[in-house]
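Please go over the structures that come below.
In what comes next, chain A is part of two complexes: it sits with chain B in the first one and with chain C in the second one.
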Partner chain A sequence: MIKNFLYSQKVAPYVFVLPFVLVFIIFWIYPLLSSFGMSFQKVTLGQEAHFIGADNYTKLMGDTIFFKAVRNSAVYMLLTLVILIPFPMLFAVLINNKAMWAREFFKSAFFFPALTSVVVAGTIFRLMFGEMEGSLINSILGVFGVEPVKFLKGQTTGFIALVALATWRWMGVNMLYFLSGLKNIPDDYYEAASIDGASAFQRFTRITVPLLKPTTIYVLTISIYAGLAMFIESMMLWNGNNSPKNIGLTIVGYLYRQGIEKNNLGYAAAVGIVLLLITMVINLTQLAFSGMFKKEED
Partner chain B sequence: MKTGTIRKIILFAFFSVLCLLILVPFYAVTIASFKPGEDLIRYGLNLRFNLSAMSFDNFVFLFTGEHAYFTWFFNSLLLTVVQVVVTLLVSATVAYGFSAYEFRGKTLLFICVLLIMMVPFEILLLPLYTLTFNMGLMNSYSAIILPGVASAATIFFFRQYLRGIPKEMIAAGRVDGANEYAIYVRLILPVMKPSFAAMAILNGMNSWNNFLWPFMVLSNENKYTLPIGLKTLLTPYGNNYDLLIVGSFFSILPILALFLGFQKYFIDGMTAGAVKG
Partner chain C sequence: MKNKWFISLMVLSMILFLAGCGKSSSNTSGGESSVLNGGAGEKATELSYWTFVELHGQHFEKMLEKWNAANPDRQIKLNVTVMPYDDMHNKLSIAVQTGVGAPDIADIELGKFPDFLAGDPQLEPLNDVAEPYKGTVVQSQLDLYSKNGNIYGLSTHVGATVAFYNTEILEQAGVDYKSIVTWEDFKKAGIQVYEKTGKYMGTADTSATWQASLLLAQQNSDFTDADGKPQVNTPEMIRALTMLKDLQDNNVIATIAGGQPDTEEAYGEFNSGNYATAFMPLWQMSRYTNYMKDLSGKIAIAPLPVLEKGMHRSYGGGGTGTVVTKTAKDVQLAKDFIAYAKLSLDANIEIWNTLGFDPINMSVWDMKEVTHNPDNQFVKYFVNNPFDVLNEIREEINLIKSTSASPTINNVLCTVTLNEIFEDGKDIQKALDDAQTQIEQELK
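After this line comes the complex of A and B, so read on.
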């Protein structure tokens, strides 16, 4: 009886998707709702929580360190967008050129950095951007007569190290995304344009860029997400969550500091909800502007 | 002809320079693993190649010294293998449910899959942390494996792949009298095999390098994974560079070897989302 029920074609699909439903409810919906609930409470691990209304949010709005973290995350995200979209796109087009030698070799070499964990990559960059005269970057600057720079002690120089790390790790991956997008553009388009006398630059701006749009939107979406949620990179570069004057503090870093380091879970939950709102608003705006929704209605 | 050659040379030179820049950190960490830790404290990571100061001491220490490196290494290996096998099987099953049947609530459920891909996992860290604490799962690998067992990106990829498999196969199985589950296990799973490689690599890489969530859950040194173990070598009271650098160097090797052997699958796995997104 039960066997017949479970084996019927009506019930089987639900059995197949059941693991997803369970994971979704237990590990996404429940935490999301409880995060929302916690943001209106004062919560300390192992103690009774109590409701405090919107106190966490009002406190958050006057929290200058929180705004510092938001600013850092936003600047980091913008810098990664400005660097990690146009350059990988251009490099993908160049490497895709028929005149290119050793293409496969370069493609794999550029991918190597993505294989390292943030812990290892962060350690390497922390030491490369060390403040000693003999560390890699300073020794190169020394050749040009520049005094050793204390990279991780300053806002701008700290961000240079942070963005260099991101660029190193993701350039090759984004390039691969664009290369797989380029495969979908038929060669005829370029041939036809050449016959009409279009220059290489015109072909790039009029054919490649518009036709790569789906790939660009994908890379943009994941980069916005990754940029706003960045934390471990900063943790590794500054060897912990406490950078001088919070120059490396990010939104998730602040969430971690309040929630785990200070056991102030309700306040940290409010930080998380604000992060969720920021991510959703930016990504939905971006998708609306790029016409993703319109396309799906067609 | 002439301009073509010049263009080739310029392109090649340009990418060679870029390639060198990208490989510099690898070179630096490789030579640093042959240098004494004090050297790093004094000079940082650099490109100085000085044979007289270099030795295999760090490697000897790595393989024979008193430390937990290989405990962490094998923990990572174990966790990665278990996580990949479980995640792939569960995600493939779910993807099959989505692609082979029409059922009530299907669209809504699939929107939930997409939703997971859009919500930053980081905002769930704290509620998941309290949930894990309340369930008594702190310090266990289940706490790391379970939340990711139905991976949205993996489900999405498998569903895409299953679209290419003819529905007649399922119908033929039914005619032969096989039940719904036997059809999946005996007929569909075998033809899905090629798609498993790319997803095994993608999930394996994520799992091998995963840091934040395991770092929050695991507090027992004997259960640390490699990234957590390496991170603990950096302390506010001084850093154990001898082991850190050689350990970092050594941790890249297995994944690099895998990459060189199965490059195509790495690339397929990494770009899976972007192709028909």
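After this line comes the complex of A and C, so read on.
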């Protein structure tokens, strides 16, 4: 009986996917539904929650700090996309080139920052970008006669520090994705192209970039998500969730502030639902445009 | 060969990742824990205690020894966990309100206290254990942590705000701090200091409200009205910030790294002698002795300057209430112990000896042998004796209320408004009006 069940071609696949489905339901669907419900309630820990209709959402629409957080997250995401897709691709191509010197060294050197904890990295970047004359970046600027800059107190300079941290940390990871993509491109194509007289630049744009498309789409998708969901980097860089003038406040940071710091979990749930909507809309549009939903034609 | 090396690197990295995960999940409280024995026997009850100030643990250690010696049948072992400020309050609020994982005893900072009193407080009322000490301790300090006549937290100190002057810098500039009475005097002195030494007389705080509070207290005003409603764009508040802005425009005060004197970055700036004055509650003394050792023998304590002669020269700033949670293992034992460790005369003497705080039992302020003990580290460090100043201003210590709106008011002023005014030079009236709108919106 059990043997029949296990060997049954119809049942077996479901048995194998069951662990995933269970995890998905318990840790994803259930919290999602429950926070959707919470977003229509006034929830104070330790006390009865009560239903307040769409009040949380109407309050959210008039909340300037929330929009500031959305803007910060969006700008951060765009900047990381602009930097963390083309450059890792370029470096991957360079490192993949057999003429390149010390390839293995660069591969691991680029990847190393990803192994450090964000907490440590954030703290070190906070000290590096400190506003005192003696902090690393300011003392370098000092050599060129630039006055000390209060990096973490200005919108633009604060973002320079934030994006520098993201670049340093994620460059190597994205580069590895591209490297693995490059390994799948057969050398024959390049040989054929060079016999036909294609320049190195042409080979890059006509062969490498199109054939890396699946990798690029993957990196793009996770970068959009990571960019919009960023929180710890900002928290560590500003030593807490309350940056001056909220220059480093992200959507998740705002969720944390409302839900955990101010005990307003219902409102925080509404913030979370809006974040989910934004991320879904952007990613689905992006995936649709890049043709991921079309049936593969081979 | 090269490939092999890369694979081993990947394996190594994965192990590191896994090790990282394991570590963070086993260390659930996220802080540093240690169990204080205090000479307790085997039958002692173990109580847990969370705090965000390491020094508070040292005080409890001393009081624990005395308690265990005096109460052999009710001995206690104290499991102390020190966590960073935000972390501790966030974890505590979730633990206390869900009723799972809360410690028996905890420290809650004054600015966060109203959050814990919201609705139906999940803390034990302490009226019965505080009763015997009424009359010996400052009543307003008990009221500060109360709701509807119930006391929920036991205060640590009065926190009388004073001026800390770096006499070395002032002497170089030929300024006598004793002659500074009004803010006008302070401004003149500051201009002289900046011209002679190129150093700033004081700080323009952007991440704390000590300065705004002390200036409001001088004018008998507050951040909230009689009903506890926020009012941050009052004429008093505008007068206070306009005065500070004028000092900044004349290079008397300047913004400081960290945003206020009680931050790591600022300790460094003060220690290297870049700022001559800090206006802080008296507990800032312990920051001097612990983090600014180079200034030993150079710092003098004096009453605050005032807007007009005759105004009150101090206010009680900051504070920590020690609470007992409803889920405590042995509620009565915990309550008796914290009352003993915070309110008894012994405790108040130790609070001065160990922590350098101004105790809430004011009879200690008159005990010359305690306050002027030549072996005391704080007496040694400072140019003059802090209690000479405290006794001079003891009738002038005003209070800024802590209401349910206070955490939001603080948050808006310290993250947005003060930065806009002192870093970006935004119009004061406009900045404060915006702050008022923002606070009302958030409290809706």
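Definition applied: the second predicted complex is superposed on the first by the 269 of 298 C-alpha atoms of A that agree within 3 Å, B and C clash if a C-alpha of one lies under 4 Å from a C-alpha of the other, contacts with A are read in each partner's own complex, and residues count from 1 in each chain.
We adopt the following convention: contacts are C-beta pairs under 8 Å (C-beta built on N, C-alpha and C of every residue); 3 or more make two chains touch, one makes a residue touch a chain.
These figures come from a predicted structure and were not determined experimentally.
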**Asked** Which of the two partners, first being chain B and second being chain C, lies in contact with A:Gly240: first, second, both, or neither?
**Response** both
**Request:** Name the chain, either chain B or chain C, that contacts more residues of chain A.
**Result:** B
**Request:** Classify the contacts of A:Asn283 with the two partner chains as first (chain B alone), second (chain C alone), both, or neither.
**Result:** first
**Message:** If we overlay the two complexes on their shared chain A, which of chain B and chain C does A:Ser108 touch? Say first, second, both or neither.
**Reply:** both
**Message:** Touch test for A:Ser180: chain B only (first), chain C only (second), both, or neither?
**Reply:** first
**Asked** Which partner does A:Ser117 contact after superposing on A: first (chain B), second (chain C), both, neither?
**Response** both
**Request:** State whether A:Asn263 touches chain B only (first), chain C only (second), both chains, or neither.
**Result:** second
**Item:** Which of chain B and chain C A:Thr44 touches, first, second, both or neither
**Value:** second
**Prompt:** Can A:Met132 be said to touch chain B (first), chain C (second), both, or neither?
**Reply:** both
**Request:** Have a look at where A:Ser199 lands relative to chain B and chain C in the superposition and call it first, second, both or neither.
**Result:** neither
**Message:** Going by the contact definition given at the top, which residues of chain A touch chain B in one complex and chain C in the other?
**Reply:** 45, 107-108, 111, 114-115, 117, 130-132, 240, 260
**Message:** So in the complex, the part of chain C that touches chain A is made up of which residues?
**Reply:** 2, 5-6, 9, 13, 16-17, 20, 86, 90, 93-94, 96-99, 115, 118-120, 122, 206-207, 257, 259, 265, 268-269, 407-408, 411, 414-416, 419-420, 423, 438, 441-442, 444
**Residues on chain A engaged by chain C in the complex (per definition of touch)** = 44-47, 59, 62-65, 104, 107-108, 111, 114-115, 117, 130-132, 150, 153, 240-246, 260-263
**Prompt:** Can you list the chain B residues touching chain A in their complex?
**Reply:** 4, 7-8, 11-12, 14-15, 18-19, 22-26, 28-29, 32, 40, 42-48, 90, 93-94, 96-98, 100-101, 103, 106, 109, 112-113, 116, 118-131, 133, 146-147, 149-150, 155, 179-181, 184, 205, 208-209, 211-212, 216, 226-228, 230-231, 234, 236, 239, 244-245, 248, 251-252, 255-256, 259-260, 263, 266-267, 270-271, 273-275, 277
**Complete:** chain A residues touching chain B in their complex are 7-10, 12-17, 19-24, 26-28, 30-32, 34-35, 38, 43, 45, 91, 94-95, 97, 99-102, 106-121, 123-125, 127-128, 130-136, 138-139, 168, 171-173, 176-177, 180-181, 214-215, 217-219, 222, 225, 228-229, 231-232, 236, 239-240, 252, 255-256, 259-260, 265, 268-269, 272-273, 275-276, 279-280, 283
